[in-house]
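The following blocks contain the structures, represented as structure tokens.
Paired with chain B in one complex and with chain C in the other, chain A is shared by the two complexes that follow.
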Partner chain A sequence: MLLNDCDPGFKHQVAAEPGGQGIKACFACAACTARCPVAGHVEGYDPRRLIRLVLLGRREEVLASPLIWLCSTCYSCQEVCPQQVSFTEVLTAIKNIAARAGYGPPATEAVIDQLAAHGRLLEVGEFENQRRTDLGLPEVAEAPAHFQKVLGVEPAGGKS
Partner chain B sequence: MADAGRHPNITLLTNSEVTSASGYVGNFEVRVVQKARFVDENTCTACGDCVKVCPVVVPDEFNQGLSSRRAIYQPFPQAVPSAYVIDIENCLGHDPIKCGKCMAECDKKSIDFDMSDQEHVFKIGTIVVATGMEVYDPSVLDEYGYTRHENVLTSMELERLINAGGPSQGEVIRMTDRKVPRSVAFIQCVGSRSLRRGNPYCSNICCMNTIKATLQLKEHYPDIEIKVFYIDIRAFGKGFEEMFRRSRGLGVRYIRGLPGAIQEDPATGDLILTAENTATNQLETHRAEMVILSVGVHPPEEMKVVQEMLTLQRHADGFYLEAHPKLEPVDSATRGIFFAGCAEGPKDIKEAVTQASAAAARAIRLMNPGKLTVEAITAEVDSHKCTICGICAKVCPYNAIEVDKRSGTPAHVNSAACAGCGTCAAECPAEAITMHHFTDRQINGQIDALLDSDPMDRILVFACNWCSYAGADFAGVSRLQYPANTRLIRTMCSGRVSQKFVWRAFEQGAPVVLVSGCHIGDCHYINANHWTEKRLKRMWKKMEKLGLRPERLQLEWISAAEGIRFQEVMDKMERLRREVTPDEVAKTQRILAAQREKEAAKAAAKAAKAVAVPEDARPSA
Partner chain C sequence: MEALLYLGCTVPVRNLNYELSARKVAAALGVKLRDLTEAGCCGFPLKATDQAAALVIAARALAQAGEGGLTLTPLCSACTGTLAEAAHHLDHDAAARRRVNRELAPLGLAYRPGVRVKHLVRFLLEDVGEAAIKKKLTRSLEGFSFAPHYGCHYLKPSQVLGGLDDPEDPTSLARLIELTGAEAVAYDSMKECCGGGVLGADERLAGRMAGTKLVDLAAREVTALALLCPFCNVMYEGQQKTIAKKLATELKVPVVYVTQVLGLALGFKPKELGFKLNRIKPKDLVKAFK
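This part shows the complex of A and B:
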């Protein structure tokens, strides 16, 4: 890894994202990692190290990392942080950037596709509607338009 | 302290409280209430017979509550004066049915329950404020479990345990099993360097205190295992780095990374700390038989009382604010009052002694000549013109002006207390105050002269002596280029810049005017620039009302070190000046002339009415 490969603007981008404001205040006391319940169970998950990577501008390494999706949002790190970095919120900012850059986790991507195509997590077809009619329930039509708008995807069902 | 108590020129009042302080340098009057100690300190020989019979047992504050004392006690062995004192809150009293045992036991008959609090009034020349500091209480930091886990102690508690005269005769023992721990962990920055809980600043003393404690522990118990969890070790003083190295040489492990939580092993009372070692990137679990929280310090609550009494300022961190951080580090902004020790900020013994010596020398320097030379730059009130409105007394940052509205006594400036900012003269609606060396006539003369020719080309700047004028000077010596048509008028403080000076400048055809001073909080006259700010806000409103563009009057804070900022501000002023057209200036002059006539007419009408009233009143009388 060369210094040239680092993106010095990455930390500014994270700081500009809602929730990411505190990133630059970190003085690496490591209280967040020490308090983190995930860090104790997942090898390599280390809030302090993630913050360092952002500050060093190792953009691809952070966004492509599967680790950023593992936060349990228990807010323990925010509780002990002396510098008000608010790591849980910083990580939300990082995840938003990652999702926009096409680094979303595969499971979430699949859910998005499903919602965009059918407007619900379970597909409702002829078979399901037949069962509903038998039980005396009204039929359900798929209405994916609203979700397509919210998710910003093409009506065809594919990703934008 | 024993030496201070014996010194013929030092009167030591212990167990006392200052209740009020008034006056000014050389003439302070201080009232002190000395609480009754119920033991005659002149006859008490501190034999200790009374203690043996006292039935009341309470926690010993000096030993951090780790041991107990009686209701009649000496706070600590070297306490001055060397005499006992009765804790009247807890004492059962002298009623022989209830108790009174100590009275019966005392051979010297020193115990006297009829003593009462005494008030002393002192006339004094100078005051040294040494109100000290308090130690942070870590019980709010739930993750460390202080008070929940018995073997988690503070650095103060360790200090008492390791002291030979302490509650355990110098044996460091655990609270749960009274055994010497085989491993001790220290956690640094507890209550310090935190924007969320505790204090945002570094407490200065805890790193070295921990290093000292590790050396003491290693000396007592060479086999003890010691780990120190830290963010940064700040060993910045003389010999400190060497001491840090010695501690590491003795096998003390310094681990960079704060533990996130402390858990207790219920079976053994041992403590389990989880911390990330940032040197190795590993999340580690450490076991320690005792944990010491290296607590920070903070200003005591009572500082506020003294602050109000002596009109002192406090820094954002709560400690007293010195007159100047570099050049007057032990002086307060009020002349004749000095700071020593932690009253001014957290510091160790050496620094506190240094500062106390400096404060004493500064006080002696003032008092030794027996008289005081004051700057001739002081304000003076013309009592004939004074309308006794009281505004000057309200704005004076030094409480140097006395005015009694009720009895109708005109304002009077105490020239020993006056520092010469000129805010009173700028605010006086009756123009009754003369600010010597910066009189209205002098400043008006400068305005007229600077705008005498080509006023359209000029940028008129009012700069305060301490910051903005010095900032301009710094821009000059730094060879920074700024518009050559800048014209500066120096005042001691931006507080001196009266509304009428600005109006006069606009009337003389000034396109733009800048008022500049020290940054808010850095004012060399305590808070006089707050009044500048308020005044300019009033002026901007008035300009809008009159139909003048408020942008033409600017207010900027420029410090003495901000040469570049001075340059930037001047470039901005030049841009603003270019936007002003001759027509706009002519219109301004017309508006202001009309306004002046209107005000003159109003004043004349008021004067006529004032004369008319007694005539109307005569027939009815």
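This part shows the complex of A and C:
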């Protein structure tokens, strides 16, 4: 690894992103890695190592890594961290930066389309509401217009 | 006592047994649940890639909830975590609040600090109280045993969701189960995450994570695994067959919601609590209270 390949500004960029503030406090004790339920299943998934890579400025290596998308957001690492690094939130900050830099997972677009069309991940149409009514449950309404405005997207296929 | 029910995306479509039992239990315990019928998504699915958008979406729901002044009570732990974190963030960051409110203005909404968010089960524990719950129970579930699964966003992060329980040594669900006379099983994999959060990114990993707990429980005599989150249900019930196949093992771990357990102790019949919709049923339990 060459020092020239490192971006010393990367840790500041992560620290400036909401949730990323704690990264510089890490003293590499690895409590996060020991407690992580994903680390036990995925070779190479190691919160402490990811933090070191950011602090070293290995920007591309971090942002392009498929590993950053494997956090289950269980927050266990945050609970055991003696330095209040809040790694789950640090990783959310890193993922947000990665997504803006074009490394986002393809599923995001599908989520946005679904929210713009229905305001929810699962459609509630006549069929679903009939089933709810049959069980004595109140109907549920969709409010896609709110989500279109917030997300700045047009309704898909001119849905009424 | 009143609370504002937040159904989110998954529960009102896929987990009607959870919703049915939660509504019955709340009513029987004297909690009138009002509905936030146009709530929709809490913002959770956008957090990984666009926190700013997720915060506005969460703030939208919080602003709708804030109008009535009632505690917002989701059934889903992901909704609970996302909404509680957003409220915490907005209450402590005036600049973020102004930014969010600028985006909410075209919807005719504004977030005002102080919106309370509590998972409905937590609301029952804290606002109704264990002693008051115990008094209302009419039937003993003695002889049955349930493995409590706390999941993640019911208690964590503790800086936002603290105060109820120790996330590294939780007891609140076990206490709730034991109020009914049933045994709350202590088991090695109790704190394991279901893996639901990575199902979209890596199905095999998610299955292995959920499999850890299912394999542990399959080796025990336990009436059922007791849940309080629809995402955990996707993994432990919805994916159980697939996981068993992938791990080349036999798995048949019945899965229930903790509200169904409470509902039986409150005198409801399994049918009223939606047990028909449980795909891997605790047959003895259902038979005993038919």
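The rule is simple: the second predicted complex is superposed on the first by the 105 of 160 C-alpha atoms of A that agree within 3 Å, B and C clash if a C-alpha of one lies under 4 Å from a C-alpha of the other, contacts with A are read in each partner's own complex, and residues count from 1 in each chain.
Operating definition for what follows: a residue touches a chain if its C-beta (ideal position, glycine included) is under 8 Å from a C-beta of that chain, and two chains touch if they have at least 3 such contacts.
Because the structure is a prediction, the values reported are computed rather than measured.
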{"item": "Which superposed partner A:140 touches (first chain B, second chain C, both, neither)", "value": "second"}
{"item": "First, second, both or neither for A:80, with chain B first and chain C second", "value": "both"}
{"item": "Partner chain in contact with A:15 - chain B first, chain C second, else both or neither", "value": "neither"}
{"item": "Partner chain in contact with A:32 - chain B first, chain C second, else both or neither", "value": "first"}
{"item": "First, second, both or neither for A:69, with chain B first and chain C second", "value": "second"}
{"item": "Touched partner set for A:46, first chain B, second chain C, both or neither", "value": "first"}
{"item": "Contacts of A:55 with chain B and chain C, given as first, second, both or neither", "value": "neither"}
{"item": "Touching partner for A:6 - first (chain B), second (chain C), both, neither", "value": "neither"}
{"item": "Comparing the two partners chain B and chain C, which touches a greater set of residues in chain A", "value": "C"}
{"item": "Residues of chain A contacting chain B in one complex and chain C in the other", "value": "76, 79-80"}
{"item": "Chain C to chain A touching residues, read off their complex", "value": "7-10, 12-14, 16, 19-20, 23, 35, 37-38, 40-41, 45-53, 56-57, 60, 103, 106-107, 152-153, 156-159, 167-168, 191-193, 195-198, 200-202, 205-206, 208-209, 274"}
{"item": "Of all residues in chain A, those that touch chain B in their complex", "value": "25, 27-36, 39-40, 46, 48-49, 76, 79-84"}
{"item": "Touching residues on chain A, where the partner in the complex is chain C", "value": "18-19, 37-38, 41-42, 69-76, 78-80, 86, 88-89, 92-93, 95-96, 99, 104-105, 107-108, 111-112, 115, 118-124, 128, 131-132, 135-143, 146-147, 149-151"}
{"item": "Touching residues (chain side chain B, partner chain A) in the complex", "value": "143, 189, 193-198, 231-232, 256-261, 274-276, 278, 281, 283"}
